[in-house]
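The same chain A turns up in both complexes below, where it pairs with chain B and then with chain C.
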Partner chain A sequence: MSTHAPIGGKLFTRPFYFFLLLFMIALAILATRFIFGLGSVTNLNDGYPWGIWIVIDVMIGTAFGCAGYAVALLVYLFNRGEYHPLVRSALMAGMFGYTLAGMAVMFDLGRYWQFYTLMMPGYVQYNSVMLEVAWCVMAYIVVLWIEFLPTFLERFGLKNLRQKLSKVLFIIIALGILLPTMHQSSLGTMAVVAGHQISPLWQTQLLPPLFLISALLMGYALVPFEAILASMGLRQPMETSLLAKISGVALAVTIFYLVLRFADLLWRGALGFAFESNLDALMFWVENLLFIVPVVLLAQRSSRTNPALIFISAVSLLLAGSIYRINTYIIGYHPAAGGTWHYFPSVAEIMLTVGIFSFEVILYLIFVKTLPVLHRA
Partner chain B sequence: MAISIKESDTHLDGFVGTLGGVSRREFMKFCTGVAATIGLPAGMSWQIAAAASNPQRPPVIWLSAQECTGCTESLLRSTHPTLEQLILDAISLDYHETLSAGAGHQAEAHKQQSMQQNKGKYVLVVDGSIPVKDGGIYCKVADRPILDHLLEAAEGAAAIIAIGSCASWGGIPSSGPNPTGATGVAEILKDKTIVNIPGCPPNPYNFLTTVLHFLAFNRLPELDAKGRPKFAYNRLIHENCERRPHFDAGRFAITFGDEGHRKGWCLYKLGCKGPETYANCPAILFGDVGPGAWPVGTGHPCFGCSEQGVGFTKGVHQLAELETIKPSATHVDIAEDIGVGVTPAAAATALAVAGAAAGAGGVVVNRLMQNNGNETDNDLEPHDREG
Partner chain C sequence: MPLNRRDFLKLSAAGVGGALCADAANAAQRETKQLPPDAVGMLYDSSLCIGCKACMSACKDANNMPPETPGQPTPLWDTPPETSGRTLNVIKLYQNGSAEHKDQEVDGYAFMKRHCLHCVDPSCVSVCPVSAMTKDPMTGIVEHHADRCIGCRYCVYSCPFGIPKYEYEDAFGQIQKCQFCAHLQAKGVIPACCDVCPTGASLFGTVEDLKQESQRRLQMQTDQEYEFPRGKLGGGRPGHIAKASRYLKHVYGEKELGGTQVMYMSAVSFDKLGLPTNVPDFGYPTISEGIQHTLYKWMLGPAVLLSGLVYVVHRNTRNHHDDDHSDSETSSDKGTS
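== the complex of A and B ==
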């Protein structure tokens, strides 16, 4: 019935142990953080209360996790069934991205033990953007696991349950499209709240749509990125024609994004800041050139069938979206008062982030080898 | 309705009647405020209260020479006490060109009468400079040079207060070629003690406090070498200026409207005379409207209006003489650097991660390119990569 199957093979390979080691280091850092507090491992301060644990682990992590959202949008909203083979692995990427991002938030919360108050209506502030993000992300993590549930049910032969779930799954799928639309744009809204502390190169009322579209873009980029790595690393068949098509979608969305981004800069009269000689301007161009690279590489229809070009474009888009988030929240963010603030992630912060992404790789390896995730041609 | 003053009304409990509607509480607040302005202990407010409610209000003769009435105008805008509280309740203002009820011969006659009756008891206040050139003909009141009026009134005065820079040391009429020979009161009445309250206009509270001090203790407040009350004029403006930390840190506005000016940096290089002007402007401010309500607070360099040889003499653009502290050649940051920047270990870690990712990416791209070269014929078809 299913065209998905576990790929099997040896689980405990050398790459697996390598990523496991990185994950163990991260666990040690986490232990230190929870025993001695945030200050013992991070370079966070009152000027920069958000470091890479929020910006990379959560914001970029969930943007990577938008693969599930981006493909579901294509398949279910635009009714493009031909992309269906990509749904399951994309959903899994989303599930990992969001679940780990949700955990990563806990690492960064100063008083994490009060997290439960978020669920208590009497405690919450209903006008808060962060509340919306928190509720939305929590709900979406649950939704993703339910969306992914058929994979488990197939693996363990629970056909009856699988069929029952199919009947209500459309509600979950609808939620799975609604929720990321809400919170991915809200992740941009949080920067709007920071006001003039963020450079005019990034501060705009259009941050919510720009964050949403760039998250979608990263989702569309992650699909070929993951598919190509899987085909090489795990010796899987490559669905080049599908990847060519989805690269076309990514190309169109990228062009739309760039038009919106630069029209906004021009309309606000902020483009001049891009020609100053400072780190802000440099990073602005790094970010936007990375968005432009795929447009150049994928412009020709024939180049969209070249896996190397697809891969470079995907990496470029993922980097571009990531740097856009880092720029908005760290590079372009200048704490307003109270001193000359500095922030660069500490070794421990970097290693924890590396550890979290390593954990995603470990989970990926376990899941694709033991569960029917990848599509069989 | 006439208020008859009985013996009992002079007692502090009788203030309501004496003060014509001012509540006892308000009145004591005002007196405590006055005591605080001079730096007296709070208990002294009773003594000031007794003086301010004394039915034997001391007469005051106010002479106006070459002046603009700015000093009177600023007094009119004081709120604690108000000028009417002062002249109706605390003193008996027997002669004032602007505020007298009478005019012309009537006013002059009243002045003469008061001076004779209260000889040796009245307070003489002078605003405006006194022209001495050509027999003082450049400023005449009632057909007599103001110089004559001054000499006459000074004879029987118990205390003489020169209010404003003009009366204190000549002020604006004495600057430039000084065609009228404008001179301060103290220079004319060399054998008398003159209290100078310079400023253009001076802060009304420096004047009111001096008057109430005289009423309360029957003597003048402590004066400096230039005859100025020490409670108001013993510190340079520079010493109490809210922008002083910027001076010490070497952060100066260079032109009006530049970044430093907009950020509230020190105005010394715009010609601020705060470092050579003695006054309490930054401490008590003007107009009772809250913080920042004084020239430097609004972004304008101090003009030095109260200081002889500075105000109306030096150009606005000229740098002040630094009487006390020179700006140092090196400066300590006001705002310390906070937070940890790039450390070698963190940079190495970040570069290692980036390098590993780039390396892996490079390998992938390289292999894809090789494969692509081998399989150009069926790119558009889904296909198995060969192992």
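== the complex of A and C ==
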């Protein structure tokens, strides 16, 4: 029999204040952005209209948030109940990742005060991939909070409500699998229209499945990443056997991803670009070696019970998926706009991104200490 | 490039299975858009352009755009290097070697005019989530509507010619691009840049007529004198007499990326003048929209998928005894004290 429980303990620890400080800095940057415009804090320019606020905070943030999706897929769709102890913390990671990504979009929108047009029938443009992403992400944020609701209800002893919710929760869970499948692949489709502006190393009509699979991978990687950090930082017991199993799943999906990725490059005859001496080629190999590392480390069954190897593999996968997104949208993007354009994020841009992730850590600490999120065997 | 649509299942099987890679996804390509019936356009002839920039100044006037003085402590005159949030139209210079001869690639120079090309199948219109970029169904003019734009800059990111620009230095910035002086055309006036052009290098007209005019120029004998229309093609203004250039036997915009209503003629190759030449004959939206439409055909795909998921999930949640969502007794209250 298994249970979830809050881990309790002091909330206002030193790390807590540290992350709070980073978050406050981010708030100051935000104030500047809203008073003086995007140009006052970012290095965005006429060649690179999208920077790390879109690619890291939104695209990578939501891919990290796929933990809930990835585990739900295993538990509910493939009926692997043994992964169940992981569902809550994975869902929570998804809830934070998506909610903050949704907020980050608002910071980046140049005309945020007209955001409501996205919901106005006279304006919405159904051919736009971005419209679909926006709708799906908004809906999924709601779904994640509802999926997480039982945890709140338990905490506050509302058993009746909790049981009523259980009866309809399966629809929400199904939506929770459908929506990420749609928008994580669409985040790849979004780059297709950029055509020749994106290097053939990344521009392909297989962007949708590649983005979807790599998002799943990042979801599977986040689970052991978080579990191992929690067991070290918060002195929680480790579910080694479960982590071994999920690492096995991650391994299989990674191999599938790599086969698809390289088959596509060969098919299109684009692999040659990987052997030029430029930043594109270098970043291509960094990205793909990071995908290959876990395959090597986790190849043997025995190594999948070694927390250190699992952890390194998870970090490697998270980095790989992140760099894949940065490469597709920024490094591999060679703007058609005349002139020579460069983009490297400003300190303020980086600090805002850091601030958002800090906020996620703060929320995580509050939630696991006060709500029944983590699993007790 | 196969244009036929195959069914949803085939694409998803190929997409997910990955066995067929790029070609399978092409099956999803949507039809290419056609030129609107009353399409208006512009023919810019680099060989006729004398680089006077009268069009730049007229464009600023007609559209109330501020001057741009990059890198100058005291603003003396308007010198934008590129189109930007303050400049919709820019005359650029190509130079090579000693830059002595006009319209020559080696040791020569040539002018180039850059602004929106009013694509037949525009990416900016395809990507905009809130219809803030529209293409007029009759004239084909691609207009921007700031009053509904959310500033996502997807149009900036996706335009294959790098045209729309955002005003980053403004807390309430907006997207700027050439709208073919739609406000003037509505009053029966021709676009400001074509109106002031002294040589007819920027020539306004219907796309049909302009295509005929470009064919006439391709038939011309190099270095013979001809009359070139000015302002509006067939508008009755006295023409400009000039020697025909050594034209490339290609009119840019007739086919590129599905065609553009602003077309280019030149003696210097178009990639040297900054236009993308290694591009397909169809617009990129035919692929991105094709993938999207096929996968989500009228939201039918997702609906079917959802009902399947609901069924499977429903069955699976019942089977779980230690399930979070079906059994609350074991998990409540334990650690809250």
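Operating definition for what follows: the second predicted complex is superposed on the first by the 375 of 377 C-alpha atoms of A that agree within 3 Å, B and C clash if a C-alpha of one lies under 4 Å from a C-alpha of the other, contacts with A are read in each partner's own complex, and residues count from 1 in each chain.
Methods note: a contact is a pair of C-beta atoms (placed from the backbone, for glycine too) under 8 Å apart; a residue touches a chain by one contact, two chains touch by 3 or more.
What you see is a predicted model, and the numbers here were worked out from it, not measured in a lab.
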When chain B and chain C are modelled together on chain A, clash or fit: clash
Touched partner set for A:47, first chain B, second chain C, both or neither: both
First, second, both or neither for A:132, with chain B first and chain C second: second
First (chain B), second (chain C), both or neither touched by A:14: neither
Which superposed partner A:174 touches (first chain B, second chain C, both, neither): second
Broader residue contact with chain A after superposition on the shared chain, chain B or chain C: C
Chain B versus chain C as contact partner of A:155, first or second or both or neither: second
Chain B versus chain C as contact partner of A:231, first or second or both or neither: first
Residues of chain A contacting chain B in one complex and chain C in the other: 45-47, 338-339
Residues on chain A engaged by chain C in the complex (per definition of touch): 1-8, 34-40, 42, 44-47, 49-50, 75-77, 79, 81, 84, 87-88, 108-112, 114-115, 117-118, 120, 123-125, 127-132, 134, 150, 154-155, 157, 159, 162-163, 166, 169-171, 173-175, 177-178, 181-182, 185-186, 189-190, 192-197, 204-206, 208-209, 259-260, 263-264, 267-268, 333, 335-339, 372, 376
Complex contacts: residues of chain B adjacent to chain A: 333, 335-343, 345-347, 349-350, 353, 361, 364-365, 367-369, 371-372, 379-385, 387
Chain B-facing residues of chain A, complex: 43, 45-48, 228-229, 231-232, 235-242, 244, 305-308, 311-312, 315, 338-347, 350-351, 354, 377
For the chain C and chain A complex, residues of the former touching the latter: 15-16, 18, 21-23, 25-26, 28, 81-85, 90, 92, 114, 123, 125-132, 146-154, 156-163, 165-175, 257, 274, 276, 278-279, 284-285, 287-289, 291-293, 295-296, 302, 305-306, 309-310, 312-317, 319-320, 322-326, 328, 330-336
